[in-house]
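Naming follows writing order (A, B, C and D), and every chain is counted from residue 1.
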Amino acid sequence: MQLFKEGLVINPPSTNGTLTQPDSKLRARYHAVRNMSEQICRPLTPEDCVIQSMPDASPIRWHLAHTTWFFETFVLKPSRPGYSVYEPAFEYLFNSYYNQVGEQFPRSQRGLLSRPGMAEVMQYRQVVDHAIDELLEDEENGQLDELFAVLELGLHHEQQHQELMLTDVKHLFSCNPCSPVYRPRSDPHPAPLPPMDWMPGDEGVRWIGHDGEGFAYDNEGPRHEVLVQPHQLASRLVTCGEFLDFIDSGGYERPELWLSLGWQTVTQQAWRAPLYWQQHDGQWNHFTLAGREKLKPNEPVCHVSFFEADAYARWAGCRLPSEAEWELAAAENGDMVGATFAESQRFHPASAPSMDDGRLQQLFGDVWEWTASPYTPYPGYQAPEGAIGEYNGKFMCNQYVLRGGSCATSRSHIRATYRNFFPPEARWQFTGIRLAK
Amino acid sequence: MQLFKEGLVINPPSTNGTLTQPDSKLRARYHAVRNMSEQICRPLTPEDCVIQSMPDASPIRWHLAHTTWFFETFVLKPSRPGYSVYEPAFEYLFNSYYNQVGEQFPRSQRGLLSRPGMAEVMQYRQVVDHAIDELLEDEENGQLDELFAVLELGLHHEQQHQELMLTDVKHLFSCNPCSPVYRPRSDPHPAPLPPMDWMPGDEGVRWIGHDGEGFAYDNEGPRHEVLVQPHQLASRLVTCGEFLDFIDSGGYERPELWLSLGWQTVTQQAWRAPLYWQQHDGQWNHFTLAGREKLKPNEPVCHVSFFEADAYARWAGCRLPSEAEWELAAAENGDMVGATFAESQRFHPASAPSMDDGRLQQLFGDVWEWTASPYTPYPGYQAPEGAIGEYNGKFMCNQYVLRGGSCATSRSHIRATYRNFFPPEARWQFTGIRLAK
Amino acid sequence: MQLFKEGLVINPPSTNGTLTQPDSKLRARYHAVRNMSEQICRPLTPEDCVIQSMPDASPIRWHLAHTTWFFETFVLKPSRPGYSVYEPAFEYLFNSYYNQVGEQFPRSQRGLLSRPGMAEVMQYRQVVDHAIDELLEDEENGQLDELFAVLELGLHHEQQHQELMLTDVKHLFSCNPCSPVYRPRSDPHPAPLPPMDWMPGDEGVRWIGHDGEGFAYDNEGPRHEVLVQPHQLASRLVTCGEFLDFIDSGGYERPELWLSLGWQTVTQQAWRAPLYWQQHDGQWNHFTLAGREKLKPNEPVCHVSFFEADAYARWAGCRLPSEAEWELAAAENGDMVGATFAESQRFHPASAPSMDDGRLQQLFGDVWEWTASPYTPYPGYQAPEGAIGEYNGKFMCNQYVLRGGSCATSRSHIRATYRNFFPPEARWQFTGIRLAK
Amino acid sequence: MQLFKEGLVINPPSTNGTLTQPDSKLRARYHAVRNMSEQICRPLTPEDCVIQSMPDASPIRWHLAHTTWFFETFVLKPSRPGYSVYEPAFEYLFNSYYNQVGEQFPRSQRGLLSRPGMAEVMQYRQVVDHAIDELLEDEENGQLDELFAVLELGLHHEQQHQELMLTDVKHLFSCNPCSPVYRPRSDPHPAPLPPMDWMPGDEGVRWIGHDGEGFAYDNEGPRHEVLVQPHQLASRLVTCGEFLDFIDSGGYERPELWLSLGWQTVTQQAWRAPLYWQQHDGQWNHFTLAGREKLKPNEPVCHVSFFEADAYARWAGCRLPSEAEWELAAAENGDMVGATFAESQRFHPASAPSMDDGRLQQLFGDVWEWTASPYTPYPGYQAPEGAIGEYNGKFMCNQYVLRGGSCATSRSHIRATYRNFFPPEARWQFTGIRLAK
């Protein structure tokens, strides 16, 4: 079994950012983020919220409780002397992987817990939200920068779990032969697909990584110089139609296109197409959060593993970008105009706009873009002290960096320096392909 | 993975019984049995009803739907021309193992279905119950013995699933470190344990098996002669206290006491005590449907596998009874007075009464009694034609016969000829030990 | 992983037999049996003798050493005061499953031992044989019946391992795409197949089991009465041609023909034919100890599991015989004339003789015949005390009885009361089918 | 199961090297390398050579045949018109992973083949060696640079397999409770351990990778610039004594020291020390090719995984070097004086010399040094066309680079640019630790 991060890779407040956010704005943001989690659950039944459909996924109710446990453990307990936890058992049940906080209920067994149910977890959220409100009120007259920093981290942490809630529900629903609809969606009239142009990127010794202005996770720093070779990036994402050409030309049957571990996975898992794709009477469809749908050729291909992204690139005579190449491009194309984020409630990537303004399209939102870069520490990286920073570096092995966010990411959560990471075989996130050469 | 029966081993109406039950009584019985299923769910939340805690168990909501599917498939569809099923997908989702009816949703994935949820399944039950009512009304003026026979079978089938619902909930709750209580229980003041006496049984050529009067499953017949050796049966069940002596004398560490497969299981599963037992600070407790409790030494030992029953018997210098020995004894001691069945809502075996009237105690109810008999067809047994009888004989391999019912069995469901069966490693049913020699 | 017996189920000398064999005959028999093991190895290379091709099989060299360890442990050590074992490590390496003797090297890892090699094991055999010779010389003047009894057991034990050596080599060679030949074979000109007649068997209360005259394993007794129903047995074994009809009529694709566990095995293992059968360009061939050969339709079908035997019988509208039915028939047809045993060096079953003398054919030799009887203790059976009898009863679970010996069994090893046993999925022994009804 | 490279990562002749080796020298080198393989087998029995002790390892006889198959397939067949292969089945049996050559016998089943045995494989080697001799004779008058290049590759390929033969035999023998000795060894009188000094390395933009002079594998190029941060390297390897301090301070019980996947491996595999280490009566010993020995504290620690190397470095407040840091240091310290290679026949790493000349010690030989660098393609890397280059890039996933060779590597095989690679959990190679900071 693979271990995955569960969203938390946070920035130690003292090193990477000065948070001078006025308290009232912080309180508003706190409630906005918390409400978003509950809004995501609105189309769901109690039964939907309790099942773990695979070891990589967690029950929705677990996400709701774990993010609340985070605020209780890392904000309320340290700052409120004599704070009494809502329920001591939750310290065990909803700790994800913080060994320094205590032992954890086994991840693979999260789906065995029918209790606490949704009703009680929602009550747990209210109690903690109320205590945070009180805390913020007190602090409005005081000075507790460090506390606000951890609170800010908790909000980004919850946003990461919101994305997981959406991808975990998608996986759960995909297991049901009745193909439940999470949220219906209407697509705009299809527009012509713009050509895939090649845009030269920055080269030579360049700076990447976060500079400490505003929030960032610790794995985005330290900012440092890298040596970038001459290269070009594709102007848009690879589409479903283009990926079908790969399939039709025998892409899943030709070992020479694949990494050795990738070919092993293709063979053992009998992969023949991206996750959620099915062929029925010669027609391809795929499962989406709006139910099962006919494939639209101009939409970006999604739910591909690193192995598939890499094999596709090799088949196309290209390669995947490095994370430095991607970041330098994003730093120049960073306005996120027209990007598809979770706020759109679309929860599905959109086709590239046919109007081409000579810039890189779809860098942000839509789908996470696999890079060729193994997930390693930046030079000089040090994991922060204590439980809160305990687990950042520990995932830097056998995973690859993804960039740019997806249609399930909140716009306020993403930035050019953001490093997401998954093992090369993972497919249940909204993951796609941009080519480089 | 082991395949288990799921309760249905039914009696072909034409061969084994004449059902001349007046219709109104049948209707009353129908509603009584159906209500019992719903009553069992009353202490449960929707979340409790949707989880599959291990491959051998099924979600409660699945049991509720499957038993309804049974009436729809085997009673309504054949007898109501033009009957339109409630939901075509249910024919796939809630078929357990009837290949002649159609393909089945994989058993091990029943816990991946969050929908239909409890609300919809309860509605499904109402619709089917209503159609059955209509059918019975029509039939009151007609003659449809065969139909009534299948209906009767459906009720016994549902009673078997009621027992599984209780044992599956017990397993589910046992996985939760919070030890939820299904139903609180108060025990009478403890009485002295009667001695274990030895009672001689019938010997020579004797008749066993069901004689066709009243309902029986097909595996209980044909009635036939067997040759029984001289033997004695213990007057009561083995108790927790007696089983603790086995543990304390190293029973789980002495390979010479175990069957080879049993020892392999002990080693691989790290068994040290019956299922649900835990030792804490030198004290033994066990999980019950009333929560986690201190062990009571005079209660019958429960949740032991055939392997443990057999090893205990060897350690005690005895053996387990054959099913013929048990049945002959039960035929003589069949009044079931004082037996603990599901109707008591106790859901936990009771200590033997200390007053000893010279008869075998605890033959019925409390715990299923493992016999030494592999589950094989009686001489001349033939599985009935068609889907309804499709799966009886097919479980007659690598399983052992249990007799007498348990505290989770309905009194109206059990009889002296009843043959239950489970693989020798199964422990999640209420299974215990009676000695023979 | 399944645990299998490894041949040893021996008769406690004091109860089941009086061994009054003159010493010189015993010595001759000792050398004859021991030589047979070495003769079986003659066509083999050192490399052939060291590989374990599956967990159920053992390396040939292990068989040679284990049978020698048996004489050292159970004959030499108890009878020769101060006997010094050849190599103390062997007491661990070559103990199969005798917990009362000591710990055992894990069965599944026997193939990891390249040393001791064949040369050293042959030397080990010589040393032990020499010590046995000395012992017998001493004893010729003394009286040591008990010792002779154990020696006799050791010889039967070694004969059982000789059969396993042949079946284990067959499995090993079958894994090699070059299809090595163990021993070439020439078949007589094919004769017409006699019809399958039905012969009535004895019924009523009858005696079965060994009566204590001559050698027998303890599981063959006590002799006891059984009640036998009226029945008929097929006059000969089922042939490859008949089994092909079963395959051609979809036998491996029809769940209704199979036990539930059998169907599960068919599906998981993708069984489509007996072990060692392959279809090539529409023609069936099978691997034999004479290499890969075209299937001969009149030969008995072989290397079928109990599941396949049972499914075939159901397809044919018959059933398998019980072990009592078989034994009663064999007691009347016990002359073994014309039977194919290991002494013929044919190592392959032979077609039934076309001349039909009105008796049951092929009862002995050729292939072991699966019975419908689970392997259980006879009434009154008690495992003997001590290590030597430690492991008899412990295999009496989830296995089926086979009768009659095979083309890999020595004629001097088999008898009408002999009970062989294997799990229902085992196929690598020479196992076939006789029908009953 | 992990897929590993099997030694072949070869240099396309036209790009990376000009081979102007006089033919007679090539022939001498050919025979020297080929003889070395056979010399490695001299202490082995036929039985030693046929067992596969784990999926990562191969039988010795397989290595001998596969390296021969390589010359036959890539040298003889293309250059000798009408060349008839020694045995067509070998093209299937001894192809490791060259899909463009044809299908391969499954890697995990190499231990199921008892034939061809050692005798026949040695004959196969002689036939091919003879054909190569003839070829070289012919070519002495001709011009076949490309052929010589492939031949050279074949020799490096065989040297890689020689190292695997030694590590695979070590693993095989370690499975035997008798602890066989492959080759006795005498160690010099122990000398004091030199201190671990810190030596500054080159920084800034620097060149690494092979420059095309002489032989190199394709993964060593193209030579390219890298940006190196300021850093220091430890002057010698970490010793067994130092690693014992890590163990004694609870290194294997403290999750915070480990990568997440590493901790998962520690837990699942119950790692408590490096591979081959055992604690007996409080004393540590380890299995070596000279048998089981008491641990010597000054010897370099060996048989550690990347996970253990990384955890040790974290515990020591350091990190592992990058491959660029290592290569720049090796380019300056490249004389290999005093290094322990396979030629010494020691097959065990040696303690650091106590005389410290102010240079980095033990860079070459003794143990492969884990680097912090995931194994990725150098910028501009392209796998060569055709089968011979088919499999280089395909292993560039989830593996880490190791540098410097070991006591089982031939001195003529290693160089500063050489990139070895293994998955982070691999331990059966001679792998150790150098610290950086």
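Everything below uses one rule, namely that a contact is a pair of C-beta atoms (placed from the backbone, for glycine too) under 8 Å apart; a residue touches a chain by one contact, two chains touch by 3 or more.
If you're wondering where the values come from, they're calculated on a predicted model, not measured in any experiment.
Novice: Taking each chain's centre as the mean of its CA atoms, which one is farthest from the centre of chain D?
Specialist: Computed centres place B farthest from chain D.
Novice: Averaging only over C-alpha atoms, locate the centres of chain A and chain D and give their separation in whole Å.
Specialist: Computed from C-alpha means, the inter-chain centre distance equals 38 Å.
Novice: Report, in whole Å, the distance between the mean C-alpha point of chain C and the mean C-alpha point of chain D.
Specialist: Whole-Å distance between the two chain centres: 47.
Novice: Testing understanding: with touching defined as stated, what is the shape of the graph linking the protein chains, line, ring, star, complete or other?
Specialist: ring
Novice: Inside the complex, what are the residues of chain C that reach chain D?
Specialist: 45-51, 53, 61, 89, 92-93, 105, 109, 111-115, 117-119, 172-173, 175-178, 180
Novice: Residue numbers of chain C touching chain B in their complex, please.
Specialist: So the residues of chain C touching chain B come out as 1-3, 97, 99-100, 205, 224-227, 229, 255-256, 258-264, 372, 374, 376, 379-380, 390-391, 393-398, 424.
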